[in-house]
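Here the chain labels run A, B, C and D in written order, and each chain numbers its own residues starting at 1.
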Amino acid sequence: MDYVYGPGKSHLFVLGPVNIPEPVLRAMNRNNEDYRSPAIPAMTKTLLEDVKKIFKTTTGTPFLIPTTGTGAWESALTNTLSPGDRTVSFLIGQFSLLWIDQQQRLNFNVDVIESEWGQGANLDILAEKLAANHSHSIKAICIVHNETATGVTNNLATVRKLLGKQWMFIPVWAKQQVHEVKAITDIDFCWVHIIKNRLAVEAWGLKNCTQREEWYSDTVTAVLVPPYIDSAEIVKRAWKRYNMSLGLGLNKVAGKVFRIGHLGNLNELQLLGCLAGVEMILKDVGYPVKLASGVAAACAYLQTNIPMIPSRI
Amino acid sequence: MDYVYGPGKSHLFVLGPVNIPEPVLRAMNRNNEDYRSPAIPAMTKTLLEDVKKIFKTTTGTPFLIPTTGTGAWESALTNTLSPGDRTVSFLIGQFSLLWIDQQQRLNFNVDVIESEWGQGANLDILAEKLAANHSHSIKAICIVHNETATGVTNNLATVRKLLGKQWMFIPVWAKQQVHEVKAITDIDFCWVHIIKNRLAVEAWGLKNCTQREEWYSDTVTAVLVPPYIDSAEIVKRAWKRYNMSLGLGLNKVAGKVFRIGHLGNLNELQLLGCLAGVEMILKDVGYPVKLASGVAAACAYLQTNIPMIPSRI
Amino acid sequence: MDYVYGPGKSHLFVLGPVNIPEPVLRAMNRNNEDYRSPAIPAMTKTLLEDVKKIFKTTTGTPFLIPTTGTGAWESALTNTLSPGDRTVSFLIGQFSLLWIDQQQRLNFNVDVIESEWGQGANLDILAEKLAANHSHSIKAICIVHNETATGVTNNLATVRKLLGKQWMFIPVWAKQQVHEVKAITDIDFCWVHIIKNRLAVEAWGLKNCTQREEWYSDTVTAVLVPPYIDSAEIVKRAWKRYNMSLGLGLNKVAGKVFRIGHLGNLNELQLLGCLAGVEMILKDVGYPVKLASGVAAACAYLQTNIPMIPSRI
Amino acid sequence: MDYVYGPGKSHLFVLGPVNIPEPVLRAMNRNNEDYRSPAIPAMTKTLLEDVKKIFKTTTGTPFLIPTTGTGAWESALTNTLSPGDRTVSFLIGQFSLLWIDQQQRLNFNVDVIESEWGQGANLDILAEKLAANHSHSIKAICIVHNETATGVTNNLATVRKLLGKQWMFIPVWAKQQVHEVKAITDIDFCWVHIIKNRLAVEAWGLKNCTQREEWYSDTVTAVLVPPYIDSAEIVKRAWKRYNMSLGLGLNKVAGKVFRIGHLGNLNELQLLGCLAGVEMILKDVGYPVKLASGVAAACAYLQTNIPMIPSRI
């Protein structure tokens, strides 16, 4: 039945798809329903209200768009801008690159601010451009909130502040952010997850692809490997030997980076199992890691910081 | 939990979505998987092979297109034709109408052959057009195989025969057809389902929207109601009183037609329950039906024709 | 995967197991949990409270007994009575017979009041025995509430009334009764189901095994077939040809009775499908039924009496 | 919905119930079926055949007994022996103790061979008793294969060898053993699991309750804690803080032992997450463990020994 069966639970640590909570999985396990019946808009309406909570807005208007993320990009741009309009767009990794490519194909006049992969959006240059924007030629600032290719999160609040009284459209590509917000809102344990990963990477003697702590993503840790190791081999062995899915390095960082996704329905012991697995794989591919060194660093942090599970106190 | 709870099993007799076999439903009840892992292409490859069986082809090449049916239409046309190309297209109901609208928006030169709703594609006119096609200006014949709005199935084999040695592209919109083929292949009971519905409609003293038996669809029965009844009221009561979903009449036949979908995972007793329900609804809305008359006609047919279930003999 | 696959939904109309509501089925679809964790007693406590609602009691004490019904019988008797104690017990069908057999094996002094199968408990004789019970020798009255073998429900309120001021233990075997109570409480549609079945039986020209209307069970209709028909053949064909499970006749009524269970999660159109199926089977086995006659009688009743689904008005 | 909700996957490391493979879980997610239909014996027959494979027998006869393990004990004894018969029974932990208690209540003449908890069955004394069994008074040797209370597995082959040509009944209580056999048969990875646990316990500076390596159980590791720690507190914190279920110490070893079950559907990274959790808990309750020391020992072993997943090579 399972085309490529692996024993035990499969360990899913990619940047999406994510681990689904079991109650959600169960709720989806049902026969088709007539999507033209009054039940469907009744349900959809409650969903749209609930989406507001996830984004912490009471005044925003959520949409459901039956397409891929790429389709949502296109829809956002073509419904608010006209061909030839000037956009400012930041090139900092694979997903911002793809979006800029789309903007150019759609015939916008794209003003690209490029940074080294591993750095965040260069907001100093943005500030300059905005200061010089006397003719109001900039119609939109396109920004990827969480560039998962390099583990970089951009600071949206600063972007907003730089705008001052200028008015323009700010499309934000923020897929993973939803997962964070949800986790933080509900359970107050997500931040614990994250910090420790950086501790683990340090304990392994490796570097984060993300170059400064202010850009650290809550949902992904992108790890740089030494030049003599192919990071794709790490991802391959994770799957073939340990029943674990990790994220590949993409484009400019292909072979140089592997990525650990820490989002969705996840807890501490699952993540520690992942770290232990990564350490064995690093050793498999010839990196002289001290086994369990990252787990030890993470445990030291977690053992001090994990709260009791509220419903079980 | 269920936003509009109804007691017992909900009876789904629309033209899609369809009743899913329970083994299929169970197989889908699983956590996300890494769609970049080698397991996914391995699985997809087996699916593409299996799709061939459904369409009874060994040489055809199936595609998976991650979009709606409308997106598949567009993709088929824009990838094979150029703007300005002449297409012949049959207007016989709501779905062929929508497709023609799309062809026109895509700037094809659409040669529309229109028939009364309830009739099949007019192949006599097609024959004339093909006979006069000396300059080979016709680049494609666009045909909806199963026009579910009116319960009409067109004869594709005849279309092919008319072509003779002319060569052109024939995009076919054949969504429901897959369900038929599957049912017929596997279990040999589907044809039994269908005939009886026409018997039931006759027993009720009503008319099929489909005007000739040669066009009868295997997957849907479109029933015309008398002018003093609004067919939308029938669909509404089915859902509100009997926990059953039926299909509405669309566009030109809105208010005049209701539709019973008989496709997907379905057996005789389910369909008989549906017919009994339709009869009670007809009485609810003021039509002087003889209760169980359609069930009686269907049973008379079925009792003679249902085979034993092969695995239980 | 399915060892004896049948197409479509299988139609379950036995006296147990019953059709499970889908939300309940989904809730059970989960991994094991540690049954020694504090979560289990927390959950069990809420269940025991909920069981009270089903039995409409606020003062009664429900138990969970991890055994079969037969084990519950034994447990009830051996925990309240001593060997040699006199019990009054009614023999009216297969399940009361089995219980009496158990009482005798447990060495109680069983005073059996026997009735013809198809009749209810003879409460006139009970009244006589109670009137003569000056020495208080009767320690318990054992009564099957719903004798599903013959479709007979006994009147517990009358039994209680006959007791007057005498005090004794009244074990009641009331498995199916729970289903009724639940249905009535929640949805107010169950009574509709039931009446119609008797109408169908009459329309078929057959007799109920249950001899008087006052004993009609809410959860089962036991139908007597003519002597030239073997009722077991009806049950067999239901399964082999129509993917439907019906109840056999048991012991004294084996071959003479087939039973339609109408309990659990069920609605009107499901039951009408069942009736249509029974009619085709009756014809299959040589009984000259008028096809759909029972469906017609049931529909006539239902079309007048089914309420709108409350959540959909 | 979940009465005591915990985030992420709950980590189940008790001695039963065990983690169910997802395909099995899915297969169980179905409506009731008529258990009197021919489908049920058809299915049951295949199950009984499959059970033979699990026990690696072609000539043995498996039974399905619808009762608890305690009920199976009673059934095995009362169906093969008579009250007053002499049995030899080993008292080495909580489960063997309970079984001996049952044997005594059933009025067998129980010849108890007692060992310290943590030791296996004393087969030297058994040998003496068998040598002196000239009158053939011993009718049965009752032995718990895997005493999960102390993590002791007894050597059945030696018992059989000691018997020589004497003939007697050997009831074996072997619940967990099935899990081992299954795992070993299928996937060849289970032995890997186990060894490492002992390495972890050693790394923590703690002792196994099981006193000699020859008795080490494949399915459970029972860990002794220092006298100043209450092992029940470890189990409690595992559940309240880390969403993990561990096994308590029972009876004589209550408070002194906690148990890690490693059976059912489980893989290496799951177990490493468990070990990391246990280490944090040990620190929580005041034991000066070096965090990740056990994980490091286990990883060192595993990284050398885990095979590639056969279906993914």
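What we mean here is this: a contact is a pair of C-beta atoms (placed from the backbone, for glycine too) under 8 Å apart; a residue touches a chain by one contact, two chains touch by 3 or more.
Just so it is clear, the model here is predicted, and its values are computed rather than measured.
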| item | value |
| --- | --- |
| Chain pair showing more contacts of the two, C-D and B-C | B-C |
| Euclidean distance of C-alpha centroids - chain A vs chain C, Å | 56 |
| Chain C-chain D separation of Cα centroids, rounded to whole Å | 41 |
| Between chain B and chain C, centroid-to-centroid distance (C-alpha), Å | 43 |
| Shared-contact residues (touching 2 or more other chains) in chain D | 1, 4, 19, 26-27, 29-31, 38, 239, 312 |
| Pairwise touch network: line, ring, star, complete, or other | complete |
| Chain A-facing residues of chain C, complex | 1, 22, 26-27, 29-31, 38, 312 |
| Interface residues, chain D side, partner chain A - complex | 1-2, 4-9, 11, 19, 23, 29, 186-187, 189, 239-244, 265-274, 276-277, 279-280, 283-284, 290-293, 295-296, 299-300, 302-303, 306-309, 311-313 |
| Complex contacts: residues of chain A adjacent to chain B | 1, 3-4, 10, 12, 14, 17-20, 25-39, 42-43, 46, 66, 68, 239, 245, 248 |
